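Here chain A shows up in two complexes: once beside chain B, once beside chain C.
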Partner chain A sequence: MYFDFSQNYFEVFQLATDYVIDRAALSDNYQQLQSQYHPDRFVNNSEQDKRLAMQITSYINEGHKILQDDQMRARYLLELAEVAFDAEKDTTQDMDFLLSQMALREAIDEVDKDPDPLTALDDLMIKAAEQKKQLSATFQCSYANQEWAQAKEAVLKLQFFKRLQHQISSKQEALEDELL
Partner chain B sequence: MAYGEKVLDHYENPRNVGSLDKDDSSVGTGMVGAPACGDVMKLQIQVDQNGVIEDAKFKTYGCGSAIASSSLLTEWVKGKTLDQASQIKNSEIAEELALPPVKIHCSVLAEDAIQAAISDYQNKQAEHKKSA
Partner chain C sequence: MALLQISEPGMSTAPHQHKLAVGIDLGTTNSLVASVRSGVAETLADEQARTLLPSVVHYAPDQAPLVGADAVPYQATDPDNTISSIKRVLGRALTDIQAQDHWYQFAPNNDSVPRIKTAKGALSAVEISADILSALKTRAEQTLGDQLTGAVITVPAYFDDAQRQATKDAAKLAGLNVFRLLNEPTAAAIAYGLDQAAEGVIAVFDLGGGTFDISILRLRKGVFEVLATGGDSALGGDDFDAAISHWAVQQLPPALQSDRATLRQISLQARQAKEQLTQQPAVDLKLSQELTVELTLATFEQLIEPLLKKTLIACRRALRDADMRQQDIAEVVMVGGSTRVPRVREVVAEFFQKPLHTEIDPDRVVAIGAAIQADVLAGNKPGDEMLLLDVIPLSLGIETMGGLVEKIIHRNTTIPVARAQEFTTYKDGQTAMRVHVLQGERELVSDCRSLATFDLTGLPPLVAGAARIKVTFQIDADGLLNVSAEELNTGVSAKIEVQPSYGLSDSAIEAMLQASMQHAEQDMLQRSLREEQVEADRVVEALDSALAKDGQQLLSAAELSVITQARDALITIRQSTDQAQHIQDAIKQLEQVSEEYVARRMNQSVRSMVQGRKLEELQD
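So, the complex of A and B:
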């Protein structure tokens, strides 16, 4: 059993190291690698092989998780380009952006007053998705031009949308539970 | 994750939640976001003629530690001068709330928010003088 751990995740899945990816190829190659290295296949092998199969599988899983998520993939690309992230110190102070984020979060709270809260949430989700798409386009463009500061800012802003979409989904689930 | 007692207290009974009129010239508004978690924090101060913070309000969409940090900070800055308020360090907030290392960024956010609110107020005052 051989596996080259020096490959980056794009290389593992035989994809070009880029923001735009072939999702079908990612999914196909993931399944293929999964079955190739699945620890169940090595139950009769040496302890060393078993350990190695586990390590390979977790590397593949982690890579798949990162590549299939737009924000994580963008961030990973910047990390490969040696752009540093500091969770403690990176803050966003773009007033307009934060005001719109605040407004979107307030809108989630206010759907309770809406006669049709689920539709109101769907509308919010669409709105968030559109804005996120614009940010993705900004990232793609900055990344291609190696404008690292702008690219990093887009990645950081995408994180807010991830959180927002998560909040909208939780609210949807809570409302659906109430309706049952 | 287990939250400390003080964090829980501020989280369950947040002080000074709300908004001040951001267009009022005696109000400074600070907005900051923590990309690490996607938290958004708005902190506002109302300043009297002597440069003393009379009132402070916050609105935070974030985790318990972010809410507690901003709640605590609004309590601390009331009655302080702008100068005194600008000297509050995130480490003091983190220490008071006993924040674990992974939540330190929440206190950084609060410090950034008060700094942003103070500079917004000062910019407004400078504009005011110019137009007067």
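So, the complex of A and C:
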């Protein structure tokens, strides 16, 4: 069993290091790698082999998760390009964007007044997804032109949407729990 | 034969051997064992052709535990020592359990593992489950004719780390080599998927005796990829029974509403009523001598409606986690005995807008899938491309300031998975720190399940905030957690002490393993003692009846006295000793002194046979 842990995730999945990816190839290569390295293939091997298989598949799974997700993939690309992130200080200065985020968050709280809150939340989720799409396009463009500051700004904004989507689904779950 | 044989690395020179491997469905109500024989997966039956082993164990003092159908009658006659639905307790804390209705009594104890009072002492759920697994192992070895190489044991997909660990511990205690813990819905999908070579996204709706699971899987080229899973590890057919019982109790006069015997009687009837209602529109429940009430199908369906609603909400959530909609689901597979209830099938079909798969016996489908996976893992099918990619069912997090949980690995992440988290010290020279690991979706520590506390010790003493401690949370293919830690500046790896919150520590498991081996020895000694006692009784009885017949006639007074003395000695020893060997010695002694007497009796009986007959008659 041999695996090169120094490969970046794009290399692991034999994809070009780019924001736009061939999802079918990602999926095919993921399955192929799993078939090769999954711990179930080494059930009768030594403890060391089992351990190694577990570490390799953990790496593959992590890579798969990052490459599949638009925001995580974008951020990973910038990290490969040695753009630094600092969780404490990084934020966007775009006031219009921040205001629209506040409005969306208020909308989540408002659904309690809606006669059909679950559908209202579904609608919000769709709205968020559309705006996210535009941001993805912005990132793609900036990244291609190596405009790192703009690209980073887009990643941070995508991060906002990610948290928003998480809030929406938490709200959905809370409402569902109440129904029980 | 050649002195040296050359073989390619990895190629055995031995002829291909079929390794015996089994799949075990350790269920709340019933358990099964299955194996692939001549290419076909089948559930293994006992001598009486029964495949379902009721998950019931009866304990009596000085006797090996009774498991399965043999234990069932004791539920009525000796309920305190007859344990059922133990899976509901497995890997759980006393506080999780007490809310539920259980007939057995918990023993007070110091550690966090609940123990149930039985005639065999206070037993943990791991030990009781191990007795069920042992019975299945014995059945498999007897049927298959050899020792097992390994087993795949199924667990509800929604089982948390403690419940999985407890299941694995029970298997270890039963002497099984666990290839893999496999999620029940995944096992069901294997059983169906391979039969029908399906491709696409499928939903597996698994409603068993005590647990409910919903899993969304993608099947492609022999790879089963779990996209999302959800459910409730304490929701199942037992709750249908409880709903009926609850309704029935309300029909009773108040005086009887807390009568234990009546309540037990009702709970036994509730289960039968539920089963009968799958075939007929109404059943009679005999609540007491005077009172019989009719339970209609409509009432029953009303009673279980809130429970069904819970299952559908879990379905919605799983779909959302999988990023799928109802119309994306190509197939719906029904698993578990409770899916026999027609109303369950109706609501599920309505929710997914699909006809349901119910072709494979819902009680057996999980064991069959597990057997297929066990066969592959044992290496009996080289070149087989089947692979399972499972997920972690509940988010894993750590406690942060203010009693909050920070999620480190989100639910429905494909396993194995590793995540590292960096910590720092908050005091100068601090050499130890404590990490509290939790599982669950809620934000407050108090709303999540505490899994373990890790004490990291041996950190290099540095100024506050200078140490960078990387803690790695690794979840293996069974969904079990391992933690390691390292100080990044110095490369010193910290020592980790694990204190499982609800499970058993490794040393506790070790002690139980040793105890069970001593038990096995004790059981064996007990058995041989009983055998010798029976033998002694038989010998004495035979001797007495012989002496009564011809003792006076064939023996002198002195001879008779020697024999009688040896006989009395045997009786005394038989009654006083607990050593089989002593009884055996006394029997030998008696046989020795009776040798001459026995010989004389033989001669006499031969003579009496021959007397008065002609030689030719005897030659025939």
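Here, the second predicted complex is superposed on the first by the 172 of 180 C-alpha atoms of A that agree within 3 Å, B and C clash if a C-alpha of one lies under 4 Å from a C-alpha of the other, contacts with A are read in each partner's own complex, and residues count from 1 in each chain.
Just so it is clear, contacts are C-beta pairs under 8 Å (C-beta built on N, C-alpha and C of every residue); 3 or more make two chains touch, one makes a residue touch a chain.
The structure displayed is predicted, hence computed values, not measured ones.
Once the two complexes are laid over each other on the shared chain, residue contacts for A:Ala87 go to chain B alone; chain C is not touched. Once the two complexes are overlaid on the shared chain, A:Glu173 sits against chain C while remaining clear of chain B.
When the shared chain is aligned, no partner comes close enough to touch A:Tyr143: not chain B, not chain C.
Contacts of A:Ser58 after superposition: chain C is touched, whereas chain B is not reached. Once the two complexes are laid over each other on the shared chain, residue contacts for A:Val43 go to chain C alone; chain B is not touched.
Once chain A of one complex is fitted onto chain A of the other, the partner contacts of A:Gln31 are limited to chain C, with no touch recorded for chain B.
When both complexes are overlaid on chain A, the residue A:Tyr9 reaches neither chain B nor chain C. Interface of chain A with chain B (complex): residues 87-93, 95, 97-99, 101-102, 105, 155-157, 159-164, 167. Against chain C, the residues of chain A that register as touching in their complex are 31, 34-35, 38-41, 43-44, 54-55, 57-59, 61-62, 64-65, 169, 172-173, 176, 179-180. If you check the complex, the residues on chain B that touch chain A are 31-40, 42, 59, 61, 104-105, 108-109, 112, 116. Touching chain A in their complex are the following residues of chain C: 150, 179-180, 220-221, 223, 225, 306, 309-310, 313, 316-317, 320, 376-379, 385, 387-389, 413-418, 441, 474, 476-477.
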